[in-house]
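Two complexes come next, and they have one chain in common, chain A, joined by chain B in the first and chain C in the second.
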Partner chain A sequence: MSKPSAAIGGAHPLFYPLLLVACAIVLLPVFWMLSTALKDETELFRDPLLLWPEKPTLAAFRSVFEDYPFAAYIRNSLVVVVCATAISLTFSTLAGYGLSRFRFGGRGAFLAFLLLSQMFPSVMLIIPYFKILKSAGLLDSRLGLIVTYVSFTIPFCTWMMYGYFRSIPVELDEAAAIDGCGSVRTFFTVILPLALPGMVATAVYAFITGWNEYLFALILTNSEEQKTLPVGIGQLIGQYRIEWNELMAASIYSTIPLMVFFLFLQRYLISSLTAGAVKS
Partner chain B sequence: MSDASPPLPPPARKRSPAAAARSRTGFAFVSPAMLVMALLVVYPLAYGIYISLFRTNLLNRWDFVGLTFFVQSLSDPGFLRSLFITALYAILVVGGHLIVGVALAVVLATQIRMRLLFRAILILPWLFPEVVVALIFRWIFDPIFGLLNHLLRSVGLISTQVAWLDDPTWAFVAVVGAAIWKGYPLVMLLALAGLQSIPRDRYEAAALDGAGRFGQFRYVSLPGLAPILGVAVILEFVWWFKHFTIVWLMTKGGPVDATNVVSIDIYRTAFQSFDFGRASAMAVIVLFICIAFAIAYRRMVPDEQA
Partner chain C sequence: MATARLDRIGKVYENGFRAVDGLSLDLADGEFLVLVGPSGCGKSTALRMIAGLEDISEGELFVGDRQINDLAPRDRDVAMVFQNYALYPQMTVRQNVGFPLKIRGQRPHERERQVQRAASILELMEQLGKKPGQLSGGQRQRVAMGRAIVRKPSLFLMDEPLSNLDAKLRVQMRADIAGIQKDLGVTTFYVTHDQIEAMTMGHRVAVIKDGVLQQVAPPEELYARPDNVFVAAFIGSPSMNLCEGTLYRATAGGWRIALGDQSLAVPDTVIDTRPALAARVDQPLVVGFRPEHLEDAALAPDDLLDQRLSVTVAVREALGAETLVHFPIDASPVDSGDPDALDALGGRESSRCTGRFAASTRARVGDRIEVTLDTSQLHFFDRQTHLAI
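Presenting the complex of A and B:
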């Protein structure tokens, strides 16, 4: 186990300029997004360009809610993504535990399938889903989207939980068994509490994936009341005159949840992301 | 070697009652997820393959055409060109992620000052939704009010306003650049974790053998990273080969077909031409290409991890 702060060797003097250039390339678009969102319409299209607004205003952050059904987009995204995450996490936690602790017929094939699912093009699933949801009357509904979002979050959630359970020593299960716990009780009272950090990380990944998803929602919804945030933001660009300040304000809104998650859960997220990859 | 059984603590005792009971318990834990995936993944997938055999509007018209669409697609210059564009796109994006990600990981792995701050900043692009990344870059590349033209003009590199996204070559460069900006942090984090898991004594041994900084990177870091990066390359290639969002929102596949990646091609065929059978056949071809990478993946990842 390497400590996250372990550093290898001294820093070359050239490393600092390199890092500064990299940070500039990262921060410039972010800065421009903020600057644009804080401008009003006259400053937005000023020539020569204003790098930072003379009179910064939060007007765009308010007007997205007035000019577009932005509140509905946010609500839809939250409902769809939270439901899909909860469903995927429940099933994948059970499955991850089963895969990590037991041998049974089809186990290898199932693990292979989880990896294989990364290869499925989403456009390939969308056509049948379009037809299936249409037949079921679920096209243009949050329930329809929840179903499809579970379909692409559950395989990698299972994979992540499988990886996390493998990092919990089996000796704990064995000790619980000696104390007379059955498999189910062992799982719920001994192992599940220990798996909580892994579940949090997995849930956040599922949330981020769903929150960012664009193509499924683009095709499977069409009324303003059902659209999700990415689709709502994406269609602002199709308009005759693009209000870039509103667009950037909307973009900032949709990025905030991810930033907040990351800020608070940074350590868990990075370690569980890399845990599967780095194994001696 | 590659067929070694999965690493599990209890050695399988053939058909003892206890082993059978454990097998049932294991299956009980996994079966709910299996059922959900059978319903939500396997069934639509099979249905998609079924659709690829029909000329259909998904409503009242279902004419069986067999493999006609596969033959037509594979001999259609437009589709082949979009496969080529997609492969080029994926190779450039993944290559960019590797170079940028590994270089920054190497720097961040040293005893550099303020590494946590630098790391936090360099992770940022990963936290932006793809839709947002596409829109930010479209705004930066805007010919009249874009930041890029403004900066280039102020340093005198260009004198006129360049419509970057209206030029086939620059549009392609732009969608590649945006995707590299968005995606390198993942490779950086993986490589950073990989570097930190390489035992220090290997570096010391290499230093004793006279290896300089570059030699240590070449003979210790790179081989140590190879397993992780091998996995990352293949997964990333598959992800970016199927990518839709950033390209669609920046260029809609244009100008002409300069950025017409295969996901956009399929999307148009299905939901603008309503040629669902042909679109499904194209998607199945993409699936086969991705599975070819899956096989490479299985070969490269020892069963210990897979």
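Presenting the complex of A and C:
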């Protein structure tokens, strides 16, 4: 990557100011979310609207937990999404490796199928999923949601890992084979460590997909103990009124795990991991 | 340390394409055999079959007395150096070189000893703690070699290991590899498309074209007595000059060769040492002569008076130690079958020829000059079969 200042003479004078403006535009909704969450009810609808509350209060942050089973929502989301991500990641990594290294009958059709299955609008699948989970006795359960989310993310995760494994040279497998490794040892000792950046990207995708999923969680759960975070937050949009400050506080809560997850994993997203393996 | 034997090895793909056809080779213990040929001739496929990375469609492969067709690569006791190095990027040089030993369960202490030994042979002592991404091309190649030699295998297999290095480094590594192989005495298969590597490094050289073995012999013999037109043209740089010619008896006695509209005397010894040639008088043949047997007549005005060609210089390349001069002659050209060879200079009616003149030559582009050709060094081939006569 070359910096803009790498060009002759230094960065364009408007570059950083424009960047600041772009950041401000992107961060404005986040800022507004925070400022709304800190307002009490009297300040929410003040005319003219306040950019920042005169009397910031954490009351909304507390009442979210007191008035609703918010801890249960968080727990359910975490359990469901972490499990779904782990399962998706495991199988898509193994499948991606197999698809990239071996030739077998039906391989092309399978790859095409993975992509084509993504074309279905998910709304079409609600009723079939409902019926299937019902007959399996998995309605209103975390396990049911895990199975559902895995079915959403595995196809694309497999494609991602397939693409990533293709960028790892086959000569490494061959060198490992000659050095004495069988297929399993080659995979775990030589190839898998190189696939970590791809796995991280795939895990992030699967996590975000599951974490934000609203429609299926809404339809497939109905008891408060089983609802996930998006559904719980959605309930704050009541029939007659909306508790804006609680809504914003709840939203902030729900983004924290995502940020932690991403911050923790971003150091594994090193694209230069395979530098020096083969002559490029 | 082992002998190796390929017995009519072949590789056929599903669509019927034969990459390797009936390849038979016998390697003595400690021999360095070079497999050479143009791109796509099947030499890498043959090497990969020996390694176990490709299935053998036909024939049998022996290492020592064991037939190893169906053995997995790790059970064959071979070590391979890849064209693209194939180093494990997440491991240090020490770990890369020691990896085969680690897989085989050797203790860390003993492993380290072997790694140190390999590193000192290959001058990698300073690099042991680094990762491949921090090394230069030549260093990476040496690490790849270190990983191969550390195991003391029965066979070394090398797949064009020098082709990704720059020219000067290649010259040095050629000598290094040959020296290491001699010291360790491991039987080696070496694949390359570079005939200079083949000539300088191998005990014997096997020339391959379209999956078929053309000739296997020590380098000097390949050079002096090629079995067919392809080998004659492929070995030697610049290539042997090839064109059509006809041998005939001069009215005054003695033999002459007609190359296009020019005629040169041929010493009797040439016919005497090639009995089959006498039966081919007055028939068109493929005639070959090496560039070093041509010289600017102006530099040796009294030599080879009846063995002269009259030509117009087309291209002149001054190399410092000698000068290469290219000129067309009016004889029909011959296609040697090398897919990488350049088209004939001057179209389809004349043959492109190259001469290695002494650097003192005054010939310039466009000059009409006389060129001496030492006809005692001519090669003759059948026009149809391209086999040597």
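Please note the rule applied: the second predicted complex is superposed on the first by the 233 of 280 C-alpha atoms of A that agree within 3 Å, B and C clash if a C-alpha of one lies under 4 Å from a C-alpha of the other, contacts with A are read in each partner's own complex, and residues count from 1 in each chain.
Methods note: a contact is a pair of C-beta atoms (placed from the backbone, for glycine too) under 8 Å apart; a residue touches a chain by one contact, two chains touch by 3 or more.
This is a predicted model, so every value here is computed, not measured.
In the superposed model, A:Val80 lies in contact with neither chain B nor chain C. Looking at the superposition, the partner that touches the larger set of chain A residues, chain B or chain C, turns out to be B. Legend: residue contacts after superposition of the two complexes on their common chain; A:Met119 is shown touching chain B, with no touch to chain C.
In the superposed model, A:Leu220 lies in contact with neither chain B nor chain C. In the superposed model, A:Gly180 makes contact with chain C only, not with chain B. Shared-chain residue A:Val204: touches no atom of chain B or chain C.
Look at A:Leu172: by the touch rule set out above, it reaches chain C but stays clear of chain B. When the two complexes are overlaid on their common chain A, residue A:His12 makes contact with chain B while staying clear of chain C. By the touch criterion defined above, A:Pro193 lies against chain C but remains apart from chain B after alignment on the C-alpha atoms of chain A. Residues 273-274, 276-279 of chain A lie in contact with chain B in one complex and with chain C in the other.
Of all residues in chain A, those touching chain B in their complex are 2-4, 6-12, 15-16, 18-19, 22-23, 25-30, 32-33, 36, 44-45, 47-49, 87, 91-92, 94-95, 97-99, 101-108, 110-113, 115-132, 134, 147-148, 150-151, 154-155, 158, 170, 183, 187, 211-212, 214-215, 219, 230, 233-234, 237, 244, 247-248, 251, 254-255, 258-259, 262, 266, 270, 273-274, 276-280.
Interface residues of chain B facing chain A in the complex, by the touch rule stated above, are 6, 8-10, 12, 19, 22-30, 32-34, 36-37, 40-41, 44-45, 47-48, 51, 58, 100, 103-104, 107, 109-113, 115, 118, 120-125, 127-132, 134-140, 144-145, 147, 150, 181, 186, 189-190, 192-198, 200, 203, 213, 216, 228, 231-232, 235, 238-239, 242, 244-245, 249, 263, 266-267, 270-271, 276, 279-280, 283-284, 286-287, 290-291, 293-294, 297-298, 304-306. Residues of chain A touching chain C in their complex: 169, 171-172, 174-182, 185, 190, 193-194, 272-279.
Interface residues of chain C, counted against chain A in their complex, comprise 51-53, 72-74, 78-80, 82-90, 99-100, 103-104, 131-135, 137, 140, 147, 164.
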